[in-house]
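Every chain is named by a letter (A, B, C, D and E) in the order it is written, and numbering of its residues begins at 1.
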Amino acid sequence: MNVLEIIFYALSAFALVCAIMVLISKNPIHSVLWLILVFFAISGHYILLNAQFLAIVNIIVYAGAIMVLFLFVIMLINVKKDSEPQKQLFVKFTGVIAGGSFLTLFISLVKQAMPLVGKTVPLKEGTIGLIHPLGKALFNDYVVPFEISSVLFLSAMVGAVLIGKK
Amino acid sequence: MPIQYYIFFCLALFSIGVVGVLTRRNAIIVFMCIELMLNAVNLLLVAFSKMYNGLALQNGASATAGIDAQIFVFFIMVVAAAEVSIGLAIIVMMYRNTHSIDINFLNRLKN
Amino acid sequence: MMLVSFLFIPILAALLLLFIKNNKTAQWVAILFSGLSLLVALLMLITPTADFNIAWLPNLNTRFILHADGLSKILILLTAISFPAILLTTANNEYKNRNVFLSLLLFAQAGLMGVFLAGDALLFYFFWELALIPIYFLCSIWGGEKRIAITFKFFIYTFLGSLFMLAGILFLNAHTSDHSFLINSFIHANLSGGEQVTAFALFFIAFAIKMPIFPLHTWQPDAYEQSPTAVTMVMSAVMVKMGLYGILRWLMPLFPAAFMAHTHVVVLLSVIGILYASFIAIRQDDIKRLIAYSSIAHIGLMNAALFTHTQIAIQGALIQLFSHGINVLGLWMVADIIEQQTGTRSMQQMGGLAKKQPTLAILLVGFALANIALPLTNSFVGEFLMFTGLFQFNPWMAACAGVSVILAAIYTLNLVQKVAYGAISEKINTMQSPNKGAQVVLIILLIIVFATGVYPQPLFSLTADTLQELFVK
Amino acid sequence: MNAIIVSTLLGVIMMFCSWGIKSQQVQKNIALIGLFILIIANLAQSNGWYVVDFDTKGMLKYNFFGLYANTLLFVLTFIYVWINGEEIAKITSSSADFYSLFFFILCGISILTSFDNLLMLFLGIEILSIPLYILTGADKKNMFSNEAALKYFLMGSFSTGILLLGITFIYGATGSFHLTAPVVSISTGIAQEQILLSTGLILLFAAMNFKVSAAPFHFWTPDVYDGAPTVFTSFMATIAKAAGFIAFINVFNSQHKALGYSWTLLLTFVILSTLLVGNIIAVFQRSVKRMLAYSSIAQAGFMLFALYGKSDINYESTLLYAVVYSIATIGIFAVLVKMKENSFEAFNGLGKAHPLLAFTTTVFLFSLAGIPLTGGFFAKYYMLSALLKAGAGLWLVLVAVVFAAISIYYYFKIIQAMYFTTGEPAINPLPSQYKYQLLTLAILLLVLGVFPNLLLNYLYF
Amino acid sequence: MKIIIAFIILWPFAGFLFNGLGRNYWSKKVIAYKATGYIVASFIASIFAFIQVQNHGAVTVHYFDFINTATVKIPFDFKVDALSSLFLLVITGVGSLIHLYSTAYMKEETAPHYARYFSYLNLFIFSMLILVLGDNYVIMFIGWEGVGLCSYLLIGYWFTNGNYNYAAKKAFIMNRIGDLGFLLAIFWLIVKLGTVNYSEVLTADSLAKLSSTDITGIALLLFVGAMGKSAQIPLFTWLPDAMAGPTPVSALIHAATMVTAGIYMITRSNILYSHSELTQNIIAIIGISTALLAATIAIKQNDIKKVLAYSTVSQLGYMFLGLGVGAYSGAVFHVITHAFFKALLFLGAGSVIHAMHHEQDIRKMGGLKSKLPITHITFLIGCIAIAGVPPFSGFFSKDEILAAAFAKSPIYWVLGVIGAAMTAFYMFRLYTTTFLGNFRGTPDQENHLHESPQAMTLPLILLAIASALAGAIGIPEMMGGHHWLSHNLIPIVGEPVELGLSHSLEWTLMAVSVSIAFIALLLAISIYKKKTDEEPLTALGKFFYHKWHIDELYNEVIVQPLNRFAGFLKNIIEKQVIDGAVNGTGKLVQYSARKVRLIQNGQVGYYILFMVAGIILLFMIWFNDISILHFFNKLTKN
């Protein structure tokens, strides 16, 4: 087991733990913070996969912008503690069961998938994750979606204004 | 690193997100769990991208194989950002009216 | 062009009527136009008719084809006679928004005519529904107290049936070589035995509900009871014939093998239905329900006759299509006059009509005799032939069905006895003599009853070609 | 391409209109002009004329079907705005904002009718969905509207997650996002080779079902349709949904082979449960709006039949159904908008008070129920016919037919209220031209009910 | 000939139309003249026809095709031959007299009802003529049903009385039961032979085409028809009830003509019966049973018309016995004589009733001999004739039947003689109580007793003469006659069968039967001269008085169960089972709607949970496509 693998396991374990913590912390602010940690772990994975651009973007966009927005809203709304009563054991139970079976289902599917056998993901290798090839691809092959995504933003903007204004 | 490990890991993250959606009642946290799901997908896409890139390199083919998945991740982030802005706006609007963001209170419309 | 005018005249009249608010004018316009189609129908009997055939939806391969053979003609004649007769007899009945009422009625007439003329399955289906929908509104708006629920049941019931037929049409269409809806392509559709049975069943359900035959009949007495009588007359004199027409025109030629395979089942079912309905009719006190059950019994016999697939029985059924319409029309008219004037349908409250209104009583007795198929009335000829065919098919079934001859006498005489005879009851005592129009219509109908009963040959020759078609091929 | 560009531009223009122009009427007229331009632009492309012509690198692929679908949906939007403009104006002080959202939605729709890449599918769906979330929540002071928006948003995002997971699996299996690439080979049942692709496709299938509100992914529909402002419900239930279907067909007509025989099974399951849920629950509704929501689920069940096979008639039937259903639904919602309340009782006596309105409503309902002489009949007819041509069992047709009969039950409740029950209809005053606008729709439906090929002939230009 | 027959038929019909349509316009006088005149005209035409047949043999005339299709052809043909011409004479002859009688008897009715009465009577004659003239079974059936209808109308003539209506309905329905048999026989013939014409059916050739089952079946079914019309066990109960109609009607329909239709039909089809031993035996047994049963009942009846009615049933039984033992001409002979004397008796009874102001109970009469001399004499002649006292007509006809019965089986003969004795007994009981002794009615009635007007007595006298002398047409050769009737009927029934009885035996039998009848006759006079049936009846007497409780039996065993069954169908099966199933489907949909919609509980969490479950379900289906679909596809593609 080499270093990279150890890092992989460590990051994964960390991410999973943090993700679980998102679920179980009572205080929404804590959840946000845990989620940021998950994002960091995922960014770590990106770096491990030599996808530096995405790693950076992930941190900037998700951990930076989006999660701050979440925090901001939580502060705004000022719900310090989750006001939900803890009783709904049944709901939690069924939720976990459903998620568990979801996971089991997919793992069993993936395990059966023959084409994946022997396929590996090279770590710390390759150049596609770097800014240069990505940029080239984005503005050559993917220029149409790139432009179109502006519509998305426009509509989101109009929408946010519509909804946000008093 | 075998691809399955990445898949398992991402699926686990995804499922945690699903469980979160199913069990939490705070709208914001539910939304966060959805973001978690999206991130799991992102990571999986990158893993696949690298896998195909690696395969292509082994076969000596084009070195840019698999890049489209990373682009896709980029777009998912874009969309997620837009969604977050709308989503949070809706949540805030909701809060203004009801002073609650508990999704269990959202049951006036039913049957 | 003559065939198109059967559709054109009532539709034109119906549209025109929507704008005539004056009740009297509306009534006369309706009578005039329906009389006009009667004239055309009479003209049709003596002149050759050309098919009407134009493309309709080319990419569906469906055509607007109107074709009239003897079977169509006899039913068109019945329809054409019924409508003016109905309009004349019910001229004095109170209907709010009479012009709309008449308009819907004429739409129904167009639908009925279309059903009897259509030579294309999709067109047939169209008219089939066009005939139903105005009836739905007519019954629901102008009907009795429980009209909404009852009519709704009737509507959904028949609509479900016709949807099954639509499925059958689709199914057949998929199996024709040219993917068309023409009756001839349907006849030559490439069906395996099993497929034929399936398609047969789909069509048959629609027809069976329409007729209706046991045990799919429960909508009918309720619907007849609750509908305004003009509509009841249309339904019972003409609309039920749609099912029988469907069997003759579509079921029999399209699925010969499946048809032959199911004759026994259907005949048995019909025979059960005949007896069943007759027994129930014996216990009815409501005059409309009695006629309704009697009609179920008669239609059951006609259905049984068709399914014997004997030439003689089918010949009888062809005649009876017309005769039953006339008889039942007369019965309803008398019942309607009584109901309108006394405000009751319960036979217990009647009695003494013969003393109070002898003419009406005589007419009632006349139609009652036709209803029990007394010789020299029109139904005798039809029923005689049908029973003969049934006997040929299976003597035991004929014997069982024959019991209905006795039962029919029982319930019809019950009706006559309770309504016409006995001491004059309070209700009957209030009766005035019916309007002249109604009297004239009833007398004409009675004359038709006896004329075709004594000399049915014209009806035979009218339908000879259909019979030829069915049996020579 | 023209449609995407022009609709975006128009969206932006409308955005600015909300600052510059205060008159709602003018805004509406601009929107109508814009829609007209959009239609022209799209027709221009159908005839080979482009605003800008460039290589989309396989992201978009144009065929006549997509363009024609665009045209039809634009026309429907035109009709929708034409009829509902005043009502939209009542919700806000500046309806231009909503018009701009409509244009963005139309942009999304244009993508969904022509995408050739799963990325474009994803973007198209998002562009379509995000404005819809907003439209749902447009009535900001109304708690129902808020609730609906949040529900829609949460569930929509969740389904996006599922969609993305599906796309990821498809990518994992094939290494490409192009629609033409994924089908590796035709197989039946579970093949170990195909398992990843199939998994992805099923997830994609589930997400698409969510968009078209097919059971068991329909749960958002009744609540959202019920909660949203009625005018927007009308839009969501018709044009947006139709676009969803066209996207659905575009994906799965090329992809279902990967699922082999199970595809039929999955589809059958979804169709049956959709028909069941939609029709059955609609029977017991007391609110017309909610009933229509369930009926739209039921109608979705019918539209799914088009996915069964891959032939011309499937496309024909989808278009016809979408158009006819949309016209009828726009019409019935346009009536509903004018009612003071949503209950069936509100319609009592409408036949007497407003005969023309009642007549048009009857036509709309007949069409929804699929009764001959209205377009709805041929819509259903084409669907069933497509089903049979695709080789599905007759039993499925029969089941569909039974459910169609059940649907009569709830549609006719309105007719019964209008004509057979006496009462004072709870209706707001109607603008004078309103009746005639509705009458136009009704006549359109009647014409399509006799000559459906007026619509379909253009498919073969 | 065509025209003569048309006249025969159309005169009564013209009368029907004339009186029926003009009932509000004509005076009673016009009505009476026309109605009677038409029948007399018809009678005269019948005489012509009869002479024609005597001279030139049978004639068939064709008018038009009633039914003419590819598969079956039923012409509207009439045939006049020995049998039908005989019947023609009886029908129109007796009919004329009864019409004449009615003109006076019905005097009290108002003009429209008077007209109605005569139009019914004319229609009846018309139907009866069609019945006997028809050249095939279908035409016969037309008349057959026609007379049923007329009897219905005439029994219910006083329609405001509920009981009369009930009687009318009963008559019609019982007739219909028989008619069903007749109809089935016709169907059978058509199906097997493709024709119903007598000339084609009743030949050895076509009978050869039929199996013995066919023949027996057809013959039995025809006999069922005859049973209904001719009031045989078990369908006889309508006839006594039919006395509800005016008395001349009873005379015409229920004695002289309509009830003999059955005999006519079987005589007509005799060749069929000759080929079916079984049927013949059944007919004979039923005939003699009916004769005895009705006779026992007649003994204890107190209503003057009821006694005559049961006597009619009894006499019809005799005729059927004759048919059963092959004495067709004997049966016809009895029909003719019976027509005369029974019409006479009924009309006489009518005269009595007329005099007694509609009192029909013989216990309230008595001693009318002096007050109603003509009625008395004629009635006595009728009684003697029916009792079989030589040389009155009844003796010859009855004796012919009895002789043939003896040849078949002595048991028939013994029973027949017992029946004859009972006949003599009850007839003279009737005669004695009515005309002899003292008057037992109210003084008011006594004061008003008067002989009937001429229009009524004239028919009585004519009929009395006929009753007395009609035996002349069938005096057996043994007595030196040459039996004109049986010779005349040879074309129809063939040569008379040689009975194989020696003359001495025949004489003996005749003497025995006559003396027994005579003893019974004297017994009746001696018993009833003094006393009336005031004292309580014995158990057997009660049993007879209550007509063997047969009406009650039918009511309990057939009518009530059927009624209950119909009620069960109407209230349980129809309302709850079939309609219940239909409505239940609707209810089920509504119920499931109410339940299923609870899934939509408004909670996003649940919705998403269901979605996840839905996804998992999709995968499950995908895993296990254990041909659920295959199954369904198989099901429908079968």
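By definition in this document, a residue touches a chain if its C-beta (ideal position, glycine included) is under 8 Å from a C-beta of that chain, and two chains touch if they have at least 3 such contacts.
Because the structure is predicted, anything quoted here is derived from the model rather than measured.
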Touching both subunit A and subunit C (chains): D, E
Per Cα centroids, the chain farthest from subunit B: E
Selected interface, D-E versus B-E, where C-beta contact pairs are more numerous: D-E
Chain nearest the overall Cα centroid: C
Greatest separation from subunit C - chain, by CA centre: A
Centroid spacing, where centroids are CA-atom means, of subunit C and subunit E in whole angstrom: 36
Distance from the mean Cα position of subunit D to that of subunit A, given in whole angstrom: 32
Distance from the mean Cα position of subunit B to that of subunit A, given in whole angstrom: 5
Distance from subunit E to subunit A - Cα centre to Cα centre, in angstrom: 101
Multi-chain contact sites of subunit D, meaning residues that touch two or more partners: 119, 123, 126, 130, 133-134, 137, 140, 150-151, 154, 158, 172, 199, 222-223, 394, 398, 409
Overlap residues in subunit C, where contacts from two or more other chains coincide: 198
Residues of subunit B engaged with two or more neighbouring chains: 3, 7, 14, 17-18, 21-23, 25, 30-31, 51, 65-66, 68, 71, 75, 79, 82-83, 86, 90-91, 93, 103-104, 106, 108-110
Pairs of chains found to touch, sorted by chain label: A-B, A-D, A-E, B-D, B-E, C-D, C-E, D-E
Of all residues in subunit A, those that touch subunit D in their complex: 106, 109-110, 112-116, 140-145, 148-152, 154-156, 158-159, 161-163
Subunit E residues touching subunit A - in the complex, by the definition given at the top: 605, 609, 612-613, 615-616, 619
Of subunit C, residues touching subunit D in the complex: 57-60, 125-126, 129-130, 133, 137, 140-141, 147-148, 152, 155-156, 159-160, 163-164, 166-167, 170-171, 173-174, 198, 202
Residue ranges of subunit D in contact with subunit B within the complex: 119, 122-123, 126, 130, 133-134, 137, 140-141, 143-144, 146-151, 153-154, 157-158, 160-161, 164-165, 167-168, 171-172, 175-177, 222-223, 226-227
Subunit E residues touching subunit D - in the complex, by the definition given at the top: 586, 589-590, 592-594, 596-597, 600, 602, 604, 606-608, 610-611, 613-615, 617-619, 621-623, 625, 628-629, 632-633, 635-637
